[in-house]
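Next up, some structures in structure tokens.
Okay, so chain A shows up in both of these, paired with chain B first and chain C after.
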Partner chain A sequence: MSRRGLKYWAIFKTQLINGFAYPGDLLARSLSIIIFLWVFLFLWRTTYRAVGQERIAGLSLRDTLWYLMLAETIVLSKPRLSSTIAEAVRDGSIAYLLNKPYNFLLYQLSVGLGDSILRLAFNALAGGLLVGLTVGPPPPLWGWPLTLVTVIAAWLIDFCIAATIGLTAFVTEDVAAFEWIYQKVTFILGGLLIPLDFFPAWLQAVAQALPFAYTVYGPARLFVEPDGGRFVTLLLTQGAWLAALGMLLALLYRKGVTWLTINGG
Partner chain B sequence: MTMRRELTFLLALWKANLLSAMEYRAAFISQVIGMMLNNAVYFAFWVIFFDRFQEVRGWGLDEMLLLFAVVAVSFGLGVYLFGNVMRIAEAIANGRLDYYLSLPRPVLLHLLASRSIASGFGDFLYGLICFAVAGRWTPDAVARFVVGSLLSMIVFLSFLILVQSLAFWMGSATLVSAQAANALLTFSLYPITLFDGTAKFLLFTILPAAFIGAVPAEFVRTFSWSTLAHLLLAASLLLALAVALFQRGMRRYESGSAIQVQV
Partner chain C sequence: MPAIRAEGLRKTFVTRRKAAGLRGSLRALFHPDRQTVEAVRGISFEMEEGELLGFIGPNGAGKSTTIKMLTGILYPTAGQATVLGFVPWEQRQQLAYRIGTVFGQRPQLWYHLPAIDTFYLFGKIYELDDRTIRRRIAFLAEAFEIEHLLETPVRKLSLGQRMRCEIAASLLHHPRLLLLDEPSIGLDVVAKQRIRDTIRRMNELEGVGVLLTSHDASDIEALCRRVIIINHGQIVYQDKVSALKRRYLTSKLVEVRYAHQVPRDFQIEGTQVLKIGRYGVKLRFDTRQTPVEAVIARLAEAGNLVDVTISDPSLEEVIRTIYQEQAEP
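Showing the complex of A and B:
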């Protein structure tokens, strides 16, 4: 690993170790996933009974619940990046971070990744236990590594969007409203609350033309129905979105830093 | 006489909060509009759901609109008028009650109303829009909506005071309170008919989400003395319990006498 890479690896490792210092906190946070999945269990069990079909839009009750488990795990494990960056811009501490010998965005990426990994493991464990005990065993094991790769790509796409929102603080100062709206758009068009398969066809097409579906729906759907072809298509689409959003983020960052200098930092 | 004095005090606090928010008008408006949009996008889930499944155990889009109307108005008004309700545990743990104790006003009331959460006003407006869209514009339905939402707000505030007062005994109850508030809101926004057995019992007792969403929404739909009695009983019982627990906790309160400035 290059010296530059080692620097970010060290930041990532420090953050990861930091997370181990508060296991109680991690466990308590995992309660959220239990609450959400418990509500979903009641909702979808009742719905499947009411419809009287084994499968709806190709998904069984077991598929739907395991899909929601992974979708919730991905979303609940994300760091609150937008508000962290916005806060640094607002209180001026970004000026202190900017003169350090690292790239501000790569620093945030390493910290965020270090924060997310433990949460991801705890959430998946707690959610998996509940779903496994109530609707049956998880999808085939061989699909798990493929899913993990797409979860990482999904996390990176989300990082680009969240950091872009955070950086708008250079102009707007308060980004809370943008953050809520992005969060709720992910809930619906990302497929967090309901798999896109249950959408009307026109809305499914709209959702799949946007990046949000590849931050949640893509990996969660691959998880319940692993398939080589689906994996390759998903990864390529994720790669394309990552390139586009990554460029937008880099551009905005360069502009934002100039703006900050004009204001005196 | 005392009631009137406290009411005047409350009105003065709310006025000060509003004036303070108006100093940052753009941020206030963006939070209000942002929260309304946020809620609208969240409600889209139910539009999609009922477009596909029509109804689930007697609940359809119309019922969900009324449920969202009541919960959004009660939660929005609650956090807008009594914004510190989300920060009681933090205030106890950080010794911030010293400030309120040094003034000749009821500590709990003063603490609760000293802060206003701007986005709550967005929730409140969103709730009104939901009610308007639900199309129950008769004077008696409006009256039931006002009564139901106010009682729901009392249940919501009381439950949060109860949970956060645990900080007097636990030290830090911030995470527990956040999870409790999260669970309360999540469960109150789903049709009550989904739950049965133990789950339903829990939602009427330990986690009184039914009295924040389903029961007041049912009361808005159709008047019934028994629903009103249940709501009144739940609201008054929880409020009495919350105030009693907070007062009891105050006897255990201690701080490092840190010098703090209230801004």
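Showing the complex of A and C:
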């Protein structure tokens, strides 16, 4: 690895060590996924019983619960990026982060990854245990690595969106409203609350045309029904969104820094 | 080549102003009332390599804005500057490899980790190899007397210990210039003294130049040979610290307390009585005319002393004197 690469690796590692500073906190936080999945378990058991079918839109109860397990894991492991960046912009501390020889966005990316990986592991373990014990074994093992690749791509897309929202603080100062909207959109159009397959066709089409579906639904759906073709299509779509959103973010960042250096923190 | 050369640096901010109440908020929404603030109004100075230069002024004088321009975080509205030969706002990253910064109110060490973890991280950020990092940490740990603190989580260190670690961290990459913004803020006298000692030692050992800002004149007096005082964004004084002392730190304030009541017409020769309380008196005297020991002796003669405090005039008073002098040459 080049020395430049090594520096981001070191930032990532330091955040990882930082995560271990409070193991109790890490465990306590993975409790919330158990609560959410517990509620979902009862909700969907009742729904499947009421409908009286083995499968709804091609998904069994077991599929649905494993889908929700991964969806929740992805969302609950996200770093609090928008508010962190917005706060740094608002109180001017972004200026102090800029006087070190690194790229601010890559710094945030490394810190965010270090933060997420631990939580991802703990959430997946806790959630997987609950779902495995209540509705049955996980999807086939061979699909796991494929899923992991798309989870990483999903994480990166989310990073671009969240960082973009955070940087709008240069203009709007407060980003809580945008954060709230993004969160709710992820709930519905991202497929966090309900797999998109259960939606009417037109809403599915809308969701698939937006990037949010590829931050949650895509990987979670691939997980429960792994398939080579599905994997390639998903990854290509994710790549396209990543390129577009990444460019938007880079542009906004450059504008932001110029604004900052003229207007101060 | 000087370490810093600044010529006519200016910085004007445009801020939005809002009148009070709902009506003010609504009006600000459609017709924002913009106000220009001149934070720095044409500053010119030079700093030699390896120099210890004090940069003082009251809060809001423009110290931090100047530092931000010199580190390249802020683009000046007008004027020019070079720092170690770089134009800071155009070559911020290149400059970042060669300067160290400590902001007293913005800790850089990771709060939950032992300082040594941040030291290694900084070493990597400045692209040093492992052996260099290890050797450098060992050297700095000894110089700053922080060997026993390195493995303790930063949150468990005292403010003074933390500040020593902060400064050590900022020197990891062998910078040629150190910008210290209020490093002694919130520290007690003993901790302040230790920080000053380490700064001086590093300046002697490695020849690192130090630009030190503070709102405490005693920091500068103890460390720097030359001082720049700024107020309202302008340089009001620029000379040797010894000259400053000779010209402006000439008066001292004395507060005394007696075991008995003080007469209303209390007088001490060679001093000016500022305030008479029931048991205490506050005086001012000029050290060029009346030596300290003479004042103390006279105060002791006047009655049964319980307590004496002698202090220097505050920075604000010094600035006021400078202004008065400039107004009536």
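Simple rule for what comes next: the second predicted complex is superposed on the first by the 264 of 265 C-alpha atoms of A that agree within 3 Å, B and C clash if a C-alpha of one lies under 4 Å from a C-alpha of the other, contacts with A are read in each partner's own complex, and residues count from 1 in each chain.
Note that in this section contacts are C-beta pairs under 8 Å (C-beta built on N, C-alpha and C of every residue); 3 or more make two chains touch, one makes a residue touch a chain.
Quick caveat: nothing in here was measured; it's all calculated off a predicted structure.
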| item | value |
| --- | --- |
| Chain C versus chain B on the shared chain A, clash or fit after superposition | fit |
| Contacts of A:22 with chain B and chain C, given as first, second, both or neither | second |
| Which of chain B and chain C A:39 touches, first, second, both or neither | first |
| When both partners are placed on the shared chain, which of chain B and chain C touches more of chain A | B |
| Partner chain in contact with A:177 - chain B first, chain C second, else both or neither | first |
| Contacts of A:6 with chain B and chain C, given as first, second, both or neither | second |
| Inter-centroid angle chain B-chain A-chain C after superposition on A [Cα, multiple of 10°] | 80 |
| First, second, both or neither for A:14, with chain B first and chain C second | second |
| Contacts of A:99 with chain B and chain C, given as first, second, both or neither | second |
| Minimum distance between Cα atoms of chain B and chain C in the superposition (Å) | 6 |
| Those residues of chain A which chain B touches in one complex and chain C touches in the other | none |
| Parts of chain B lying in touch with chain A, wherever the complex brings them together | 27, 30-31, 33-35, 37-38, 41-42, 44-45, 48-49, 51-53, 55-57, 119, 175-176, 179, 182-183, 186-187, 190, 193-195, 199 |
| Contact footprint of chain A on chain C as seen in their complex | 11, 13-14, 39, 65, 68, 71-75, 89, 92-93, 96-97, 101, 103, 106, 108, 110, 112-113, 117-118, 120-121, 124-127, 153 |
| Residues of chain A defined as touching chain C within the complex | 3-4, 6-7, 9-11, 14, 17-18, 21-22, 93, 95-96, 98-102, 260-265 |
| Residues on chain A engaged by chain B in the complex (per definition of touch) | 25, 28-29, 31-32, 35-36, 38-39, 42-43, 46-47, 50-51, 172-174, 176-178, 180-181, 183-185, 187-188, 193-194, 198-200, 203 |
